[in-house]
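Take this structure first; my questions come after.
Order of writing sets the chain letters: A, B and C. Residues in each chain are counted from 1.
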Amino acid sequence: MDNFLQVLLDGVLNGLVYALVAAGLSLIWGVMDVINFAHGEFLMVGMYVSYWLGFILKIDPLFSWVAAGLFLFILGAVTYKIIIRNSLGKSGMAPLLATFGLSMVLKNFCMNRFTPNFRLLSGTILEGKTLSFGGAIISVPQLVTALFALVVLSLLYWMLKKTRLGWAIQATAMDKEAAELMGIKTENIFLLVFGIGGACVGITGGLMTSYLAVYPEVGGLFSLIAFVVVALGGFGSIPGALLAALLIGLVESFSGFYIAAVVKYVAVFAVYLAVILLRPRGLFGW
Amino acid sequence: MTKKTTLSDRLWYLFLAAALVLPFIPGGIGNSFHGHVLTMVLLYAAMAQAWNIISGYCGQTSFGHAVFFGIGAYGAAMAVVQFNTLPWYGAPVGAVVAAVTSVLISAPCFKLKGHYFAIATFAIVEIFSRLFMIWDWVGGAIGLDYPILDDGWRNFSWSSDKNGYYLGALALFTLIFGVVRWIESHRMGYYFRAVREGQETAESLGVHSTAVKLSAMALSAGLTALCGAFFAQYNYRVDPPMVMSLDISMKFLLITILGGLGTFWGPLLGAAVLIPLQEYTRAYLSHLGSGVDLIIFGIIIILTMIKQPMGIMGIIRGVTRRTSTVPAKEGDA
Amino acid sequence: MTLLEVRNLTKTFGALMANSEVSFDVERGSIVGLIGPNGAGKTTLFNCVAGLYKPTSGTVTLDGEDITGLPSWKIARLGVARTFQVVRPLKEMTVFENILVGAHMRHRETAKAAEIATRCMELCFLSSYRDHLSGGLTIGNKKRLEVARALATEPKLILLDEAVAGLTSTEVKEMVEVIRRMKDEGITVLMVEHIMEAIMPIADKLVVLNSGVKICEDAPRAVVQNPEVIRAYFGEKYSRRLRTEGKEDDHGCDA
């Protein structure tokens, strides 16, 4: 029974983090019908930003996530300006492949500059802190990241549903031409959406350095999981991403514990395939 | 219709003749570095062409080809390492297993559209590579290492003079390009392209599109597996990240798309540009640290997608179209 | 002799009744027009016959064989070819290659298929565009390409879905000529049409649909005088004028 609670909590905490990683991707996919293949590498860059701020300037991840989020907002916007805008609409696969090219550049640049070594910050405020809850042990840094994810997701959701900017984004997602006729500068919306997508992973990556090691290939698995979460949750839907991410987090933790640690991602992708074949538009897609 | 020898035919025979003569010229291939590069160009061109069958001609972009490549590689390696027999038995078994696997996987996945199909094929690669990682019979995460074998065609293995590998790659290349060349001018080729251009339209013309897609996939997967078998023989070992990762899948795509998706020459052109670039930068820019070759690779892909998503063939067509007297397209009314 | 027999065909989309209990026959070697105002359910009926939709109930019989609900590629192989109302060229293939796809249905050998395709191409006035990419053709050429491609499958019955709509008057004449040529080749034609000037002079029989129900099935001359058709389709005023203009006039009216 203790194990069950532990596994459940691990799954939920991981799921929340996945949700925030996926939210940015989902927004981009929903608004522009583009898969940002470099999404995981954006996460990796966010982690490096926070890591180096912590290592050199001794800024704790609890604060440096702001810088990581900001940096990734800019990286996202620049990616849109230079790569996406110029490959959009040329052929279905062009933006996906172009961002795959970008992911190779980012990953190998970090490989080249920072070596393939795993780097973990030491001496952070939350390092090693745990909470005990009904017999289960919760790692505080992970809990903080998960709660942050929940807050950022709520803000994002509120922004989309309740603000003029959010309405403009939704209008652009539904019908670009019509939105333009209504006076919405869709070009700016796209730029902003890519920036927000970047900022989401930047914030997540910035916080994650308090409990996860950084290395150039850290983004790979996260981006695959984010793809799966978005496809399951229905693109463009923040609540969908949240629920799908929790599902994936739980499948991961339960299969990892009750079957074997090595098969947890096999289970994650198998569940994804099973669901997507039964519901080709995802669990909550329209 | 009378058979005419087209420019493309002449180029094809000329290319094969030149490629066949090369190893018999002293210093042509042997054990030289450029011999290695040429072998790799032929291999990757063949791989890309096999992928081109389903993704280019038939229009179903697959990110899952690493699975079939891996199955082929393991087929050869298992024959040699586990069964102590010849790779010649393992390769065709691998090809058949890959073809069957591809049909089992694709039958449900062909229902998915666009990005959903793409992501499903990513997920399949991940599932397969992780299962191979924990499957002890095929060596798990460590993979399979070849024992020392006698040089020659029997073992398909050469340690000093690598003309054999080159000729093997050339044979594979000729086989796969020959198959595509044949398909292009026969019913199957027209059906592949019809399904790509419009499934409902094709069906209204009596084309059983699901059967067409599945046969394109099976053919593509089987040929891909043969390339995998060659790759295992050439490298003397296999392990999951080496032959079954998403990076391998992406190589199929990138080479073909750089060269020109759905065109006969595209895979060769793409391989002829990317592979030497990668091999020579890896060899000559190694003082700049690791990953430089892949950074350049990535930049080329970005530039291609921004400037000319139709790839090198798109550039060539643009030039010939401008100089030709017959307009290729009639203006829309 | 009857080639196509539609019996009590009903097709619903949720609560929407697109066709209700429609029955009619198409005689071998004839040209039958399927007409009716917008939203009468013509295209839905067509798609049910061609296998794109499965009818909710009712049967479709071709040459005595029940083809109800078969997939469209099977129906095509049994000898029913179709064109699409919104043209669907196989864009990145040339005109000749488009037709060749159709011709391959009955001929595995490309040489033989090419022979058929060339003939269909000539029949539809497309020879001068042989090697043009079909995506770049004018709408008139695209419509004739649809017909040529369907013809290349050597059908018993060809279904033309508004083959004339949206064409200029010269293009309409060309298309009517194409349809005449098909009839001469012994192919039975069932055509959905909006433009009366195209259909009146060539059709042997008209089937009139209104709100998914068949309201009339008769020779063109009789149909234009059928009071129910007049009310549903032509409008009272127009039909009165038609009647006063005299019956020797060859063409009916522009719809």
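We adopt the following convention: a contact is a pair of C-beta atoms (placed from the backbone, for glycine too) under 8 Å apart; a residue touches a chain by one contact, two chains touch by 3 or more.
Predicted model, so just to flag it, every value in this text is computed and none were measured.
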| item | value |
| --- | --- |
| Contact graph of the chains (line, ring, star, complete, other) | line |
| Chain separated most widely from chain A, comparing mean CA positions | C |
| Averaged-CA centre spacing for the pair chain B and chain A, given as whole angstrom | 32 |
| Whole-Å separation of chain centres (CA-atom averages), chain B against chain C | 44 |
| For chain A paired with chain C, centre-to-centre distance based on mean C-alpha positions, whole Å | 53 |
| Complex interface listing, chain B residues touching chain A | 61, 108-109, 111-116, 118-120, 122-124, 126-127, 130-131, 133-134, 246, 250, 253-254, 257, 288-292, 294-295, 297-302, 305-306, 309-310 |
| Of all residues in chain A, those that touch chain B in their complex | 29, 33, 35, 82-83, 86-87, 90-98, 100-105, 107-109, 111-113, 116, 220, 224, 227-228, 231, 260, 262-263, 265-266, 269-270, 272-273, 276-277, 280-281 |
| Touch list for chain B against partner chain C, complex | 1, 185-187, 190-191, 193-194, 196-198, 200-209, 262, 326, 328-333 |
| Chain C to chain B touching residues, read off their complex | 50, 52, 71-73, 76-77, 81-82, 84, 88-93, 97, 100-102, 104-105, 108, 110-111, 113-115, 129, 131-133, 135-141, 149-150, 152-153 |
